[in-house]
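Below, chain A partners chain B and then partners chain C, in two separate complexes.
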Partner chain A sequence: MKTLPPPGRAVGGPRGAPVAERATLSGRHQRRRRSLSSYLFVVPALVLVVGMFWYSIVMTVWLSFTNSNGLSSAQFVGLANYRAMLSDPALLTNVYNTLIWAVAMIVLPVGLGLVAAVALKKRRGRSVFQTVFYLPYAIGFVTTGVIWSFLFGTSGFSELFNALGFRSLANVQWLNQVPLNTYSMIVASTWQTMGTDMLLFFVGLDTIDRQVTEAASLDGAVGWKMFRFITWPSLSAMTRVIIAISIVNALQAFNLIWVMTQGGPYGSSSTFAVWTYQQSFQYYKMGYGAAIAVVLTVFVLLASIGYLRRSLREVRA
Partner chain B sequence: MGVRGKKQVLAAATCIAALAGTTSLAGVPAASATSQAYLQLANDKPGWTSGFNAIGKDLAKLDGVGWQAQPYSSTTAFQAVVRAAATTSKAPPLFTWWSGQQLVPLVKAGAVANMTSYVKTWEAKYGLNPDVEDAYKVNGQYYGAPLYTSDWVMYYNKKDFAKYHLSVPLTWSALMQDAATLKSHGIAPFAYYVDDWAGFIWFEQILLEEDPSAYQALVNGKISYTSAPVVKAMATWRQIADKGYFSPPMNIDTELGSPTPFVNGQDAMLLIGSWEESSLTKAGMVPGKDFGAFIVPPINPKVGWQAIFETGPVVVSAHNSDMQQALKAVNTFMQPSVQQAWDKLMDFTSAESVVKSTDPTAVYVAHEITAEKVHLNNRYWEATPPQVAVPVSSDLSKFILNPNLNLMPFLQTLQKTAQAYWATAK
Partner chain C sequence: MRAAKVKGGLLYSCLAVAALLWVLPVWWTLTNAIKSPNDFFAHPFYDVPREFNLVSNISTAWDSAGLGTGFINSIIYGVVGAAASIVIASLAAYAISVLRIRGGFIVFMAIFSGTVFPLQMYIVPLFRMYNSIGLYDSRAGLILFYTAISVPFCTLVLRGFYTTVPGELREAALVEGAGEARILRSVYAPLSISAALVLFLFQFTWIWNDLLFGIVLTSSPSVRPVMASLTSLMGVYGGSSLPVQLAGALVAASPMLVLFFGLRRFFTEGLSLVARRG
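Coming up: the complex of A and B.
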């Protein structure tokens, strides 16, 4: 009785190629066809990413080496824009304000979000609080900026403090005094973003194993001890994610600042993102604005990669 | 290739083709925008859309070519888009812009059509104010038609003036006397704004009223910010601040649109462009009854009466294939009947003397301009290049917030900014 040869060995037949070989060839061909159609489906997304993202980045980097004003043809100027940035008196103010925003937006919304999540976790009506705290994020940065500009203006807190008899507080120029203007905008931003961080912490808290917390409470861990030894370590992964996102967002702080002060008065509340916008679109120094944008991007990348690498190292340890 | 494989590849290819088709369709402008009857009018004034479109229909009825507004909600985005397209065939046929030094880069790039022959006709036939049209003059040629013209006036709260028996001042000392009276009664004589572009408001007014030729020289980079006329103007400004005649500074971007202290009478006077009148009427004030306006009297009577005006043009792209039609539409727009309709729609005052306003404050100001032979000067924001105007106006906020700062080093900073531009521009 003839038996089929083991796979891969030629048998020979009237149609030329051996049956086993024909089966292998057919499989490879099918896999190639499937790959081709997969690639074709990915092409539109690839075009979008390459076209809108990488193309923009490459063009911005190129612009940063020119004296483009967005109207007439640009000339290559090498590192002139970067040198100009180093000697620009506005550099220090922008670096300082950007760092203030980064630190504040890590400490305040993240810290308050954590406190609110822990405090409300087991409270009745948690969903109501979730909605109330999340609502400011849903209304967007521009609306938030308009609302808080009114509150910090002459018809807002000033009127309230006047009515309550706090004259000295009523005369405070919340958005015109330096550095109070930056702190006031940070308050507005904290009000808006704290709810999102709180929701993320809720998610983290919900994933903590109940058996662990029950065992800990049986051992006498309550309140601060429970938080310190059980809750906080269990939230470390979520905290890392939230902080990483906060770093990236804070370093690019723009929308709220633009609506409330446009970086003023006299550039005192400007950040890197505001600075690049002003140079590009108000002063028509697109090359210079592009150089600032490149420096900001590098700064954000280094900060976020550095933080994530350190966090991952700790996790592995 | 098997049937199933062919179907997968065909499906993928169809998706790509559909997306490509969608993308290319998105690039085709809407038919109405480039039809013979209506041309696109790109602008950064979304609140004016209904007015633009109403007048656009009138233009089409009169001469066959009208316009349709294409608004951008952000001025900065609008400028960036127009500047990028300005020297290409993709430039909008018509667009709003700014006068003076803001127009110069477009002219130098060959982006806007020459309207000189039309301007001469408008001046001769319709009484177009040559001071206003000069704002659109570059190297002796004209490149824009005034879409709106606003005089910078001192609005005053009539109730405050009546209560303290004050009258419209015709001299600077009378204005200061009125201010002293108001101050003594706990009213802030002048509403004061800060931040962003507010810095130039009092700076330009005082310098102009003391030395108009120095003002013109300064905006054209011919004299320094540390020169004697500028130092003198800053000293005058400081004196007014030291006397406590200004209200606590308010953020101009967030508070000018709702000038509550002026409406309530806590601030008696407001130095601003006449476009602010719409905010006052929206707040319930009635022109002529609750508020009036006057031209600020000269500080130095020898220089004669001066006033600031601002004007914004509609310009025609020199690269769009509809250039001739666009020029025709603009020419029709400048006809007195259309100007009258436009002014009525928008509460503007035409720059043409044959077109009369019915707004009582505008009528009084127009009368004052004629009676006192007031010479109109382009606003600082347009008269000097934006690379100087924007940072200097921003820095002047420092002086507003601290008028007793060390003046010369401060002025040297302003001069350094100006110098950085003029050195490369010359």
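Coming up: the complex of A and C.
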């Protein structure tokens, strides 16, 4: 089953014959020179990615076994950082919050995006709704954070609840109380990402064969039945992709949390992504920060292993 | 029939409520960015503005916390980073999928999977590296980083795109004596202009919205990208007044909003390329 059209085709462009084999030119010498010079084409990309990112990955793993505290040279301390993490009271909060983010980001934006996509499909006014729901994508996480910090702050919703007579709601400090601070940020994040998921579901819906839906509706499949037996199964590939992307993004969510609470108060709304940054750049415990990053990576790779295997197969094909 | 109509009406009402929930934060941002600080403190936020103070709020935001500088910086980072990464990626994609260099798939995987790890894996070593080679807190350093982080995805997309270009075009050009660089520039590049445009938009958006690397790799307001400036405008420890903050948010979002409404089709297409980062 195909998950998505190959990128080149999605954009639209010339299609047709597969690439021809390398044009035959006479002379072994010439060919060798040409193939050498064709390697030059990949040098800039390779140097940048290997020099910056692969280097960083290896370095982070190495640093996680050291007591690096900034820029001075680091000493090997074995598993000390990982052992310290196990006895760090912050661990539980961070694991808990990170998991909540992952689960909520699957259930809320993906679920609402699916509902919106199915509801808007083939309906008048789709483009208006689409624009409204997708707009926050352009606004970005940081600006979203600024806007919702204002709304969840004392001169935001509290005033509205006060005016409506909900005194107890008006006194809630949305970004300062546990676990409301995490939930509030999840609301903001849902606002930002739902439209994107909806659009991805539109892409999935467009690939469903018209004839199948027509035949099914002739057989009396309408409403829920149509969704349950035709739409949902046909969307399963796309749903898996969206869920995989959402989990991976949720696990490393940083920008929004950093703007709204900085993981506070007292680390109560921190996640692994925020924790890494804080240990590394506020307390300069870079070895410890690196160890947290490594654990986060293990989570992300475990969560995305199915998706990665699938996309690898597609890339290879 | 009537049941269907009722159902349809119910559906539209639900959608309308949802749309309202999505629009209201934007509306309140706009109205409160217009208010003067006095107006804002004297009346609840959901009131409409009594005076038009937007220009003054924007200029205050622009001047404080280096938001204006950040804005210009980020335009540079976004344009140069996205453009440079597309050029670099198109070279690599050409060698991999058209020239079919030996070991091309391994090279491709080395490039592509360099950024599949969580971003947190890169921050500490890059910070240390930038400090030791003098790139920390410099525009050149950020441009280099933003270019590099955009290369893998551009390579993935362009590699897929180039395989759809008929090989005869290249053969004809070879017969006419054109070199590979020339063919890439005058045959493949013009054909992939729409793909490149979508990529440009996609990468520019990512660079524009980045905060993490902006605060990890820089410290002075003259170098910081726009989102880092916006964050310091907020200041957890007492920042500017809310109308100024919201005006700043508008400023920070404005290029994306202009692009979004001007090039909506490309945004949607960029999305179907899948992969969101951030």
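By our rule, the second predicted complex is superposed on the first by the 269 of 317 C-alpha atoms of A that agree within 3 Å, B and C clash if a C-alpha of one lies under 4 Å from a C-alpha of the other, contacts with A are read in each partner's own complex, and residues count from 1 in each chain.
Note that in this section a residue touches a chain if its C-beta (ideal position, glycine included) is under 8 Å from a C-beta of that chain, and two chains touch if they have at least 3 such contacts.
Remember, predicted model here, so these are calculated numbers, not experimental data.
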A:309 contacts which: chain B (first), chain C (second), both, neither? neither
Look at A:55 in the shared chain and tell me whether it touches chain B only, chain C only, both, or neither; answer first, second, both or neither. second
Which chain, chain B or chain C, is in touch with more residues of chain A? C
After superposition on the shared chain, which partner residues are touched by A:228: those of chain B (first), chain C (second), both, or neither? neither
Of the two partner chains, chain B (first) and chain C (second), which one does A:71 touch, if any: first, second, both, or neither? both
So, does A:277 touch the first partner chain B, the second partner chain C, both, or neither? both
Partner chain in contact with A:267 - chain B first, chain C second, else both or neither: first
Kindly classify A:155 by the partners it touches after superposition: chain B alone (first), chain C alone (second), both, or neither? both
Between chain B and chain C, whom does A:167 touch in the aligned arrangement: first, second, both, or neither? neither
Considering only touches as defined above, state whether A:37 meets chain B (first), chain C (second), both or neither. both
Starting from the residues of chain A touching chain B, keep only those that also touch chain C in the other complex, and list them. 34, 37, 41, 44, 71, 146, 149-150, 153, 155, 262, 277, 280-281
As the complex stands, chain A meets chain B at residues 30, 33-34, 36-37, 40-41, 43-44, 69-72, 146, 149-150, 153-155, 171, 173, 175-177, 260-262, 264-267, 277-278, 280-285
Show me the residue ranges of chain A that touch chain C in the complex, using the header's touch definition. 4-23, 34-35, 37-39, 41-42, 44-46, 48-50, 52-57, 59-60, 63, 68, 71, 112, 116, 119-120, 128-129, 131-143, 146-151, 153, 155-156, 159-160, 163, 191, 194-196, 199-200, 203, 223, 241, 245, 248-249, 251-252, 254-255, 258-259, 262, 272-273, 276-277, 280-281, 286, 289-290, 292-294, 296-297, 300-301, 304, 308, 315-316
Can you check the complex and tell me which residues of chain C touch chain A? 7, 11, 14-15, 18-19, 21-23, 25-26, 28-29, 32, 40-41, 44-46, 88-89, 91-92, 94-102, 105, 107-108, 110-112, 114-129, 131-132, 144-145, 147-149, 151-152, 155-157, 160-168, 170-171, 174, 180, 191-192, 194-195, 198, 205, 208-212, 215-216, 227, 230-231, 234, 236, 242, 245-246, 248-249, 252-253, 256-257, 259-260, 264, 267-269, 271-278
Where on chain B does chain A make contact in their complex? 1-2, 5, 8-9, 11-13, 15-16, 19, 76-77, 79-80, 83-84, 86-87, 105-106, 108-109, 111, 194-196, 199, 248-251, 253-255, 258, 260-261, 386-387, 390-391, 394-398, 400-401
